[in-house]
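Below: one structure, written as structure tokens.
Order of writing sets the chain letters: A, B, C and D. Residues in each chain are counted from 1.
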Amino acid sequence: MEKRTINPPFFCVNPKAYLYGEEALKLAKTADALAEKYSIDIFFTVQYADAFRIAQETKHLIITVQHMDNLNVGPGMGYILPEGLVAAGVQATFLNHAEHPVGVNDLVKIMKRAEELGILVIACADSIAEAQAIATLAPDVMVCEPTELIGTGKTSDASYMKQTNEAVKSVSPNTLVLQAAGISSAQDVRLAIESGADGTGGTSGIVCAVDPEQTLMEMVETVAAVHSEQREQRK
Amino acid sequence: MEKRTINPPFFCVNPKAYLYGEEALKLAKTADALAEKYSIDIFFTVQYADAFRIAQETKHLIITVQHMDNLNVGPGMGYILPEGLVAAGVQATFLNHAEHPVGVNDLVKIMKRAEELGILVIACADSIAEAQAIATLAPDVMVCEPTELIGTGKTSDASYMKQTNEAVKSVSPNTLVLQAAGISSAQDVRLAIESGADGTGGTSGIVCAVDPEQTLMEMVETVAAVHSEQREQRK
Amino acid sequence: MEKRTINPPFFCVNPKAYLYGEEALKLAKTADALAEKYSIDIFFTVQYADAFRIAQETKHLIITVQHMDNLNVGPGMGYILPEGLVAAGVQATFLNHAEHPVGVNDLVKIMKRAEELGILVIACADSIAEAQAIATLAPDVMVCEPTELIGTGKTSDASYMKQTNEAVKSVSPNTLVLQAAGISSAQDVRLAIESGADGTGGTSGIVCAVDPEQTLMEMVETVAAVHSEQREQRK
Amino acid sequence: MEKRTINPPFFCVNPKAYLYGEEALKLAKTADALAEKYSIDIFFTVQYADAFRIAQETKHLIITVQHMDNLNVGPGMGYILPEGLVAAGVQATFLNHAEHPVGVNDLVKIMKRAEELGILVIACADSIAEAQAIATLAPDVMVCEPTELIGTGKTSDASYMKQTNEAVKSVSPNTLVLQAAGISSAQDVRLAIESGADGTGGTSGIVCAVDPEQTLMEMVETVAAVHSEQREQRK
């Protein structure tokens, strides 16, 4: 599989384990329509069991799992086989999220497997030191978010965002930076991208919103709007 | 979801990570046809990402995952949400396989979640002491196999099988016993059931056979044949 | 090594990682003097690195570690070798504490190693189901404490204590039951033993007390006092 | 505690779990005498339970543990408290050995704790990619050894050693490189140091030798001899 190219600013909808089955599919379809309408690359994370179905029923989303294992075809009971993900339509995986930490050695091996299979890697770090260590492995995307902000509705402040962007890019210039901590409004989305993030996104800020579909729509619109403004400025 | 009732002798096809996608689906369809033809309950284990698809394209199989996590709807990144499995058509899960050991405390909690959701539990143990400890939790099915035999093509000998059957039933009379270590021929299947197993099955004995479909067919036929013979004898 | 015999009511001082080095040694010496004065069996848990020193400088304590690994003499980097513990004077180990959960399979194996080496096992469970599963392995002592009470200063209520005592003894009559959740005063100690516990003890209730030495003294005195009263009543 | 300065070429005796108690102490005393005689810095790894005793009975060794945990003074049952190690005389720790892998996030945090407490860190990697990721964290010493060579008695070949030395130094110039894979003779020791290693050492090559004390003596002598030769050449 050839690895998909990501065009920033991108967006990431990460429902974690908040949504599954029909509800996940419904939000995915909304995200899919938005990806098409605004020509924005949208990562959409799924429960493994929903991957095939959501991949079948959407066209533009980057179907993303929340972890995958260092496993080869063969024995290995109950782990996540990368080849099986690809066969189901998965194109990207998160790795080393604070809620699913990965060993250094495993991370190297899983990223090698992802490379072989054309799976995009979104690697997470929760300190600048950790971000720089992982950046040496040149993941496609890095998430730099202080663990203590996850799920609080408080964005990383602008200076932290700038600092982490630079820390990652200085080690791995081609790695895109996703700033997704505490994003719960279109305004947070704007701030993240204006602070230099290549992408942004959310979990509870979307799925726990009064109207998740509407919130998602406003966020993706904002990504597109900031993108236009930035292009204008560059002229 | 109401938990499905299992009628022994049952069979279990456990492709672990040997098969996925199209190949897994193909073997599943064969197993499905055999389940119907012989009226045998067949557990068929899948990669999580194949669960929905295989559930959609088969009618008789008990779609089974190889592990699931102690996770509730909400945060939790990259773990296996039981509710998501049910939504995808999963009806059973293995737990505590030697290749995926589970903490005592987690096992208790995951089994509670399975109970709430009507998911059948196939719990594994690799010693009699471990089997008896787990039997107190009354899993639907227990697998008692000495770790050292897994994947060797050598069946547990008859006396070990009898001993483990009794060990489990003495603690939990309603738990069915699956003897699946080293099953690689119809003859092994016969021996296991005649030794008192409620069910049997295989992994490498099937998926690594010269002709997996044929091997599976012969094995399930044998389950049905032994079943008939046993009914005759009871008359 | 022959396994030491425990005479209830016993006491357990479990400083976890609150104390180490000189401070741990000081409290251990106090406990040692109390064990002698009142002829009470006292388990005293240590950092591994303090085991030898505290064993050398005390005479009556049961030197106890807070976990040990399923490791044999040979390779294995950074794990806790049971033989090394025995050589340092350790006589008992906690296993499967809520803060250090152990796999079912590992628990069986570690308990086997403990048996071979004459190390007493204090196994923990945080629900009645888990306690009964573990009781089938016949640990020397079981701790039954609802996770949510650990460190709160709220004792398990009397009915919960009675229920867990019975649950354990019904499976393994010779296993002693330690009720140690939320013990922070001599009164809590009295209640636990009067509720049928074979032993009691504490962590934060002792080490975070205004005067840990004094608190420990009062608690052990109470164990001795209740013991005397119970002997009187039996006459 | 001030972190000890290491002067290359240094040596590392890593008995893993092969030795404990009296036997570990005996080899430690031999190593201690050699460290003094040849003025060579020798890391000597211990079972945690032996740390205090060996620290008390030796003068020159760098008492080293094989792992330590990300734990602070307080609760935390059965883990390795860094402060407790320091109190027992420990001056260094291995981290992330192939037999004890550590999460990326944990590694960052444990190394921060080591820094605070003046504990030297010997970090392990089993591929060049992993070595470079970890080198960004500037450990005091790095071990670069292909997992498949550990315990085989086959040295990493010279080109691999040169490659890993350069990979580490290019990221972290002050990190010393320990080449210790498959060292089982004085000749292997010579080759490793001549290939540019800052230090070398062994496990099974020493403890499983016919005469461990003699083997250790020859190895340390060789370290000293190569050191002299190198100083001569630089004149």
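Methods note: a contact is a pair of C-beta atoms (placed from the backbone, for glycine too) under 8 Å apart; a residue touches a chain by one contact, two chains touch by 3 or more.
Each chain and its UniProt protein: A, B, C, D = Triosephosphate isomerase (TIM).
Since we're looking at a predicted model, the values are computed, not measured.
Peer 1: Would you kindly state whether over half or under half of the residue numbers at the chain B/chain C interface are used by both copies, giving same or different?
Peer 2: Same: when the shared numbers are divided by all numbers used, the fraction is over half.
Peer 1: Suppose each chain is reduced to the average of its Cα coordinates; what separation in Å results between chain B and chain C?
Peer 2: Distance between chain centres: 39 Å.
Peer 1: So what's the Cα centroid distance for chain B and chain D, whole Å?
Peer 2: So the centroids are 46 Å from each other.
Peer 1: Identify all positions of chain A at which a residue touches two or more other chains, and write them in rising order.
Peer 2: Residue numbers touching two or more other chains: 98.
Peer 1: Return all touching chain pairs.
Peer 2: Going through each pair of chains, those in contact are A-B, A-D, B-C, C-D.
Peer 1: Of all residues in chain A, which touch chain B in the complex?
Peer 2: 14, 16-18, 20-22, 24, 47-53, 65-67, 71-81, 83-85, 87-88, 90, 94, 97-100, 151, 203-204
Peer 1: What residues on chain B touch chain C, complex-wise?
Peer 2: Chain B reaches chain C through residues 96, 98, 101-108, 112, 125-127, 129-130, 132-134, 136-137, 171.
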